[in-house]
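Below are structures written as structure tokens.
Two complexes come next, and they have one chain in common, chain A, joined by chain B in the first and chain C in the second.
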Partner chain A sequence: MWEFIVRSLDASTIFTIAALSELLGQRSGVLNVGVEGVMLFGATIGFMVAQTTGSYLLGFLAGIAIGGLIGLLHGFFSITLGSDQVVNGMGIWILGFGLTTYIGYPYTGPLGMERIPNVIGLSPFFFIGVALIIIAWFVLTKTSLGLRIRSVGENPSVAEVSGINVTRTRYLSVITSGMLMGFAGAIYSLDYNPVWSNDFLMGWGFIALALVFFSMWNPYILLGGSILFGTLWQLSLNPQLVLPDLMSRYIWRTVPFTITVGALMLMSTEWFRARWGAAKPEALGQPYIKD
Partner chain B sequence: MKLGSFEVKLEKRVSLPGWEATLISLLAILVALVVFSYIFVRAGVDPLTGYKEIFSYAFMSSFGLPLTINRFIFLLLCTYAFIIPIRAGLWNIGMAGQLYAGALSAFAVAFAFGAKTSQNAVLPPGLVIPLMIAAAILGGAVVGAIAGFLKGRFNTNEIVVTMMLNFITYWIVARLIKEGGLFMGASGEGDGFKIPESIYAPLVKNVPFTVFIALGLAMLLYFLFAKTKIGYQIKAYGKSPSAAKYAGISPYKIPLLVFIMGGLIAGLAGYHYFAAVPGVYKITKNYGDFGDLAFYGIICGLISQGDALAAIPIALLFGGLTNGGRFAQGKLKLGFGIDYALLGVLMITLVAFQFFYRYKIVVVRTKKETSDVGIHS
Partner chain C sequence: MLLESLKRGDTVLEARGITKRFPGVLANDRIDFEIKAGEVHAILGENGAGKTTLMNILFGLYQPDEGEIYLYGKKVNFRSPLDAIDMGIGMVHQNRKLIPAHTVIENIILGHPRAGNILNLKRTGKEITELCDRYGFKIDLKAKVWQLSEGEKQIVEILKALYRGAKILILDEPTSALAPPETKRLLESIRIMTRDELAIVPFITHKLPIVLEVSERVTVLRRGKVSARLETTGATEKSLAREMVGRDVIFRMERVEVEKGKPILQVENLSALNDKNVLALKDVSFSVQEGEIFGIAGVSGNGQQVLAEVLAGLRKAQGGKVLLDDANITHSPSLERWSKGIGYIPSERVDVGSIGDFSLVDNIAMNYYFDVDFTKGGIVNYKGLRKLTEEMISEYDVAAPSPDTMAKSLSGGNLQKLILARVLSRKPRLLIANLPTQGLDVGATEFVQNKLMEAKKEKAGILLISEDLDEVLSLSDRVAPMYEGEFMGIIPGGEARREIVGSMMAGLKPKVEEI
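For the complex of A and B:
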């Protein structure tokens, strides 16, 4: 049971960091539906670099760097060119999915490095994830940078008039967001499950995207949601640890996705909106073009 | 940007003439293919030789051409499953899930007629085949309807929902064809059961008859969008759901309708690949690869700008490229997954090119003498 809890928290960490990165981008008004694609890039490049150099540090740095680059690309399409953010995000997802399948294929198999040591039984990344949540909350709500990020996500024209550089703030958010997504992917392939096979994420990034909607753009609710879904995901992988012989293991795999659909539906109802009032950034998904 | 006495400017388009849209699309494909040729260079193969291998296998060889046509039918159906919702501004990325559901439903009919128990069963094709097709349509439509209903009723994000449904149906297929599942095949290698020869889909010159369904749909959709009220309503909803509401168009009905239509066509794609393509006739253990291939439908749909007829040559091209790519990857030792790599490169090139659907590059001659006088500001 303890092992199950530990694995669940490890899984939660990946959801936490991936979803937090998306939240950060969305707070600045930029939607990236391609979280899964950026994570695939971070995971694959991180895995390749770590295996080639034998250094975890270089692997993580490479994962973060490629994530930042893809974030920059998304920023260029969405901020500078002002193209449809959904199309751009889909493009990034399919690019990640297609290209990593090809470039990672020769690396199929286990990483073959000594595992990253635990900290009091838990993956060190769990603590990093929690710290990132606290930092994000602090930056977003208590600092002037956070105010700038939120205001370009709510009303870019007003922000611009009050002297905030919308383009620069959005780029900053989107690149940081990409770096964190790449980091989340690298945690998956270097720590959580250090084996490369093609399209191994199977929905982590899309659930992370849904988690942002569930969180109502609040980092703490996001942390709670991530722990819930991390546990659920782990349960779907190893149901025998908790509930043996209840359902086929394949049907267990559908559970996190079914619950995501259910929760998303609940959150979209009039009742829920009236009761909780989701704090969706006003300008989310809209390009800002200076006149 | 100034170049000598010329100035290059970006200008926002007021309208996009059809021929220019076609030109941009063709240019995007061309650029993607040029970028993609890096993969040949990396493997030490001359890109022209590489493309020649791909195209001659895909379109000229007697082995490759039928496979290309089968892929073409599949991709065209997936494209239509994407196009109808995108006309309404909605993203159906759930073709994979819908086609799995279609295939499962079709095989459920075959199963009900005892196709699993006897490989040599003689079943009435005139009855079973239409029922299998009807079931495939229904299965795909039901999965599509879930996303459409949630969008229409609760405004639930359709991208997340359709993607979740892909994973859900993916695992349901695994449940049914593997480890003692109801549709497990006799070989025990992870494939589903094979249907008896008596209910193989009819072939016309070695091509499954589903090609006529796909081409018929092309005409039908063209007509639907160009001439009918419902086509107009879908388009109006796509332009602005709230404005459409004032024009008396139900904001609930349109999402549900487009996703049902998309889903049923994807269901047909499932029938086509698993029950009509020669040599398959079962839900194969690598069914996930066909789910992945379905994402080409997004690319064909985006390149053809939602035009049902324009999608035909594009689906044929990509059917050939993916099929020939698989062949060239073995022959020229390019490494696994070049069809996946092409998918990624094409998609991101298209994303970059969508800018040109909105802006055009204008070259103006700067007239020095007049501007010196100061008449023009």
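For the complex of A and C:
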């Protein structure tokens, strides 16, 4: 049982950081549906660098850097060129999927490095994830930078007449967001499951994306949601640990996705929105083009 | 700071020979304008007279093609609104530049250089409260902006400008969305601000009495040029309107007495929810007779919109009955209502009243596609509709090059004329006119009001919803002031006293003898 909880929290950590990164971008008004793609980049490049150099630190830095670079690319298309953010994000996913399969293929197999030591039985990244949530909440609600980020996500033209550089603020968020996505990917391939194989993520990024909507753009609900989904995810992988022989493991495998679909459907109802007043950033997904 | 040394009567802002051209239009033609510390200097003009252009130039949004701006005697060159803000110019936008999801205080300090890295809401809150006390504003700093009334939002915008240190305050249509008591309070605050040597520049299209009440000088624009500069002492509403329009304007529409016929529309205990699922129309009962204009007065957001939508079949009624010519239509779909003789002029003429990317013919077709005269076996008779559109354009004096023009290229006034033509050409039994003249200039307003009167003469029943108290009072046979989804009473239009209807709109039920 303890092992199950630990594995669940490890999985939650990746959801937390990936979803938090998406939340950060979305609060500034930029939607990135290609979380999965950025994570694949971070995971693969991080894995390759760590294995080549034998250094976890360099591996993580490489994962963060490539994530930031993809974030910059997404920013260039969706902020500077004002293209459709959904299409652009899908492009990033397909690019990530294709390119990492190609460049990562020779690295198929285990990482072959000593595991990262645990802290009181848990992955150290769990604590980093919780700390990032607290920092993100503090920055978004208590600082003037956070106010600027939220305002460009709500109404960029208002932000502009208040003297805020919309482009710069959005780039800052999107690049930071990309770096965190790359970091989340690298945690997966260097710590959670240090084996490289073809398309190993299998939907983590998409669940992270859904978690942002689930969280109603609140970092704390996001943390709760991540833990819930991490547990479900773990349950779907090893149902026999908790509920032996209840259902086929193939059915268990679909549980997190089914719940995601259900939760998103519930949240998109008029009833739910009226009741909870989901705090969706008003300008989410809309490029800001000055006339 | 330089600004502190200003004395009453010093010229703070001077614009000389401002000229701005847009493709095909000379929006501003050598405009001179100046304002002194502690003065209210209004700029008056119809839509398209060049007011918005001038305002945007003063606020740094546009750069003039020719001419100079002097601030405190020094020549300045605004590259962006931020330059203007930094030099003490504050702008209170008509379409509020606020973030609804954020609190009042967050909106005020957004982008403020002194906000600091970590927000000190206690300190800034105290400073803002001091401003409020000084100028007589009442506002809850922790409230979210979407919860506020239009008047309160305006206060937030003013506070934002003042907190940024504005010495010159540009007010865009300051009273157009306010209830009479809110207007009164705003004017009071403006007076205190001028005592503090602030210079106030209201830009005004309608509501001429306000101009006379609050300002010392008026500059009137017409077709991009200054048509008059006057002191308000000695000016009258009529003289100002003449300068604006270039001809005499009939101010108070003469209410034509038409013999009332039988009731067309009967509404009994009607209730409905708004978009947020809150009961926004509560137990409303009234009737509209043939040859009658029934006016509903109220500040935006008090259930008028919900009522109009329920009557048009666009929103479900929660309870109550709607009868049209004694037939129950409470749950009839819109199309059935149009065929039975209801005509609807929605308040959102751009979003709901028309499709911008459609030609005028297509927009007219929207109200005719179901008409057997114009469609046979599912095929629309475009030839006939085109002819009809051409007739409407000439009869209603719509300034459009051809029936194939896109609706979005029409000005607000012309678009409204077209919508009016579309509805009235079907000779409706009942016309629901929701804010038919909002945002229109004096000329177009007069045109629309005339057409409503003509429809009344032809025995149509008209439900007129308006936020312009003068309009409702002068046009309506009976008036119902509406507040928070309820009628505060139904009173005869001719005898209604402005102050009483104004206070009813703000939620006070009058004593019977006062009416």
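Everything that follows uses one rule, which is that the second predicted complex is superposed on the first by the 291 of 291 C-alpha atoms of A that agree within 3 Å, B and C clash if a C-alpha of one lies under 4 Å from a C-alpha of the other, contacts with A are read in each partner's own complex, and residues count from 1 in each chain.
Keep this in mind: a residue touches a chain if its C-beta (ideal position, glycine included) is under 8 Å from a C-beta of that chain, and two chains touch if they have at least 3 such contacts.
Being a predicted model, the structure only gives us computed values, none of them experimental.
*Asks:* With the two complexes overlaid on their shared chain, look at chain A and say whether chain B and chain C clash or fit.
*Replies:* Verdict on chain A: chain B and chain C fit.
*Asks:* Based on the superposed arrangement, let me know which partner A:S157 touches: chain B (first), chain C (second), both, or neither?
*Replies:* second
*Asks:* Which partner reaches more residues of chain A, chain B or chain C?
*Replies:* Looking at chain B versus chain C, the one contacting more residues of chain A is B.
*Asks:* Looking at the overlay, what does A:E282 touch: chain B (first), chain C (second), both, or neither?
*Replies:* Once the two structures are laid over each other on A, A:E282 reaches chain C alone.
*Asks:* Going by the contact rule set out at the top, does A:E3 touch chain B (first), chain C (second), both, or neither?
*Replies:* Neither chain B nor chain C is touched by A:E3.
*Asks:* Looking at A:S144, would you say it contacts chain B, chain C, both, or neither? Reply first, second, both or neither.
*Replies:* Second partner only, chain C.
*Asks:* Which partner chains sit in contact with A:S83 here, chain B, chain C, both or neither? Use first/second/both/neither.
*Replies:* So A:S83 only meets chain B here.
*Asks:* Look at A:G91 in the shared chain and tell me whether it touches chain B only, chain C only, both, or neither; answer first, second, both or neither.
*Replies:* So A:G91 only meets chain B here.
*Asks:* Can you give the closest approach of chain B to chain C, taken over C-alpha atoms and in whole Å, for the superposition?
*Replies:* It is 7 Å, taken between the nearest C-alpha atoms.
*Asks:* For chain A, what residues appear in both contact lists, the one with chain B and the one with chain C?
*Replies:* none
*Asks:* Using the touch definition from the top, list the residues of chain A that touch chain C in their complex.
*Replies:* 142-145, 147-148, 150-151, 154-155, 157-164, 270, 274, 279, 281-282
*Asks:* State the interface residues of chain C toward chain A in the complex, per the touch definition above.
*Replies:* 81-82, 85, 91, 97-102, 106, 109-113, 115-119, 160, 276-277
*Asks:* How about chain B: which of its residues touch chain A in the complex?
*Replies:* For chain B paired with chain A, touching residues are 39, 91, 93, 146, 150, 154-157, 159-161, 163-165, 167-168, 171-172, 174-175, 178-179, 292, 295, 298-299, 302, 335-338, 340-345, 347-348, 350-352, 354-355, 358.
*Asks:* In the complex of these two chains, what residues of chain A are touching chain B?
*Replies:* 33, 77, 81, 83-84, 86-88, 90-92, 94-99, 101-103, 105-106, 198-199, 202-203, 206, 209-210, 213, 248, 250-251, 253-254, 257-258, 260-261, 264-265, 268-269
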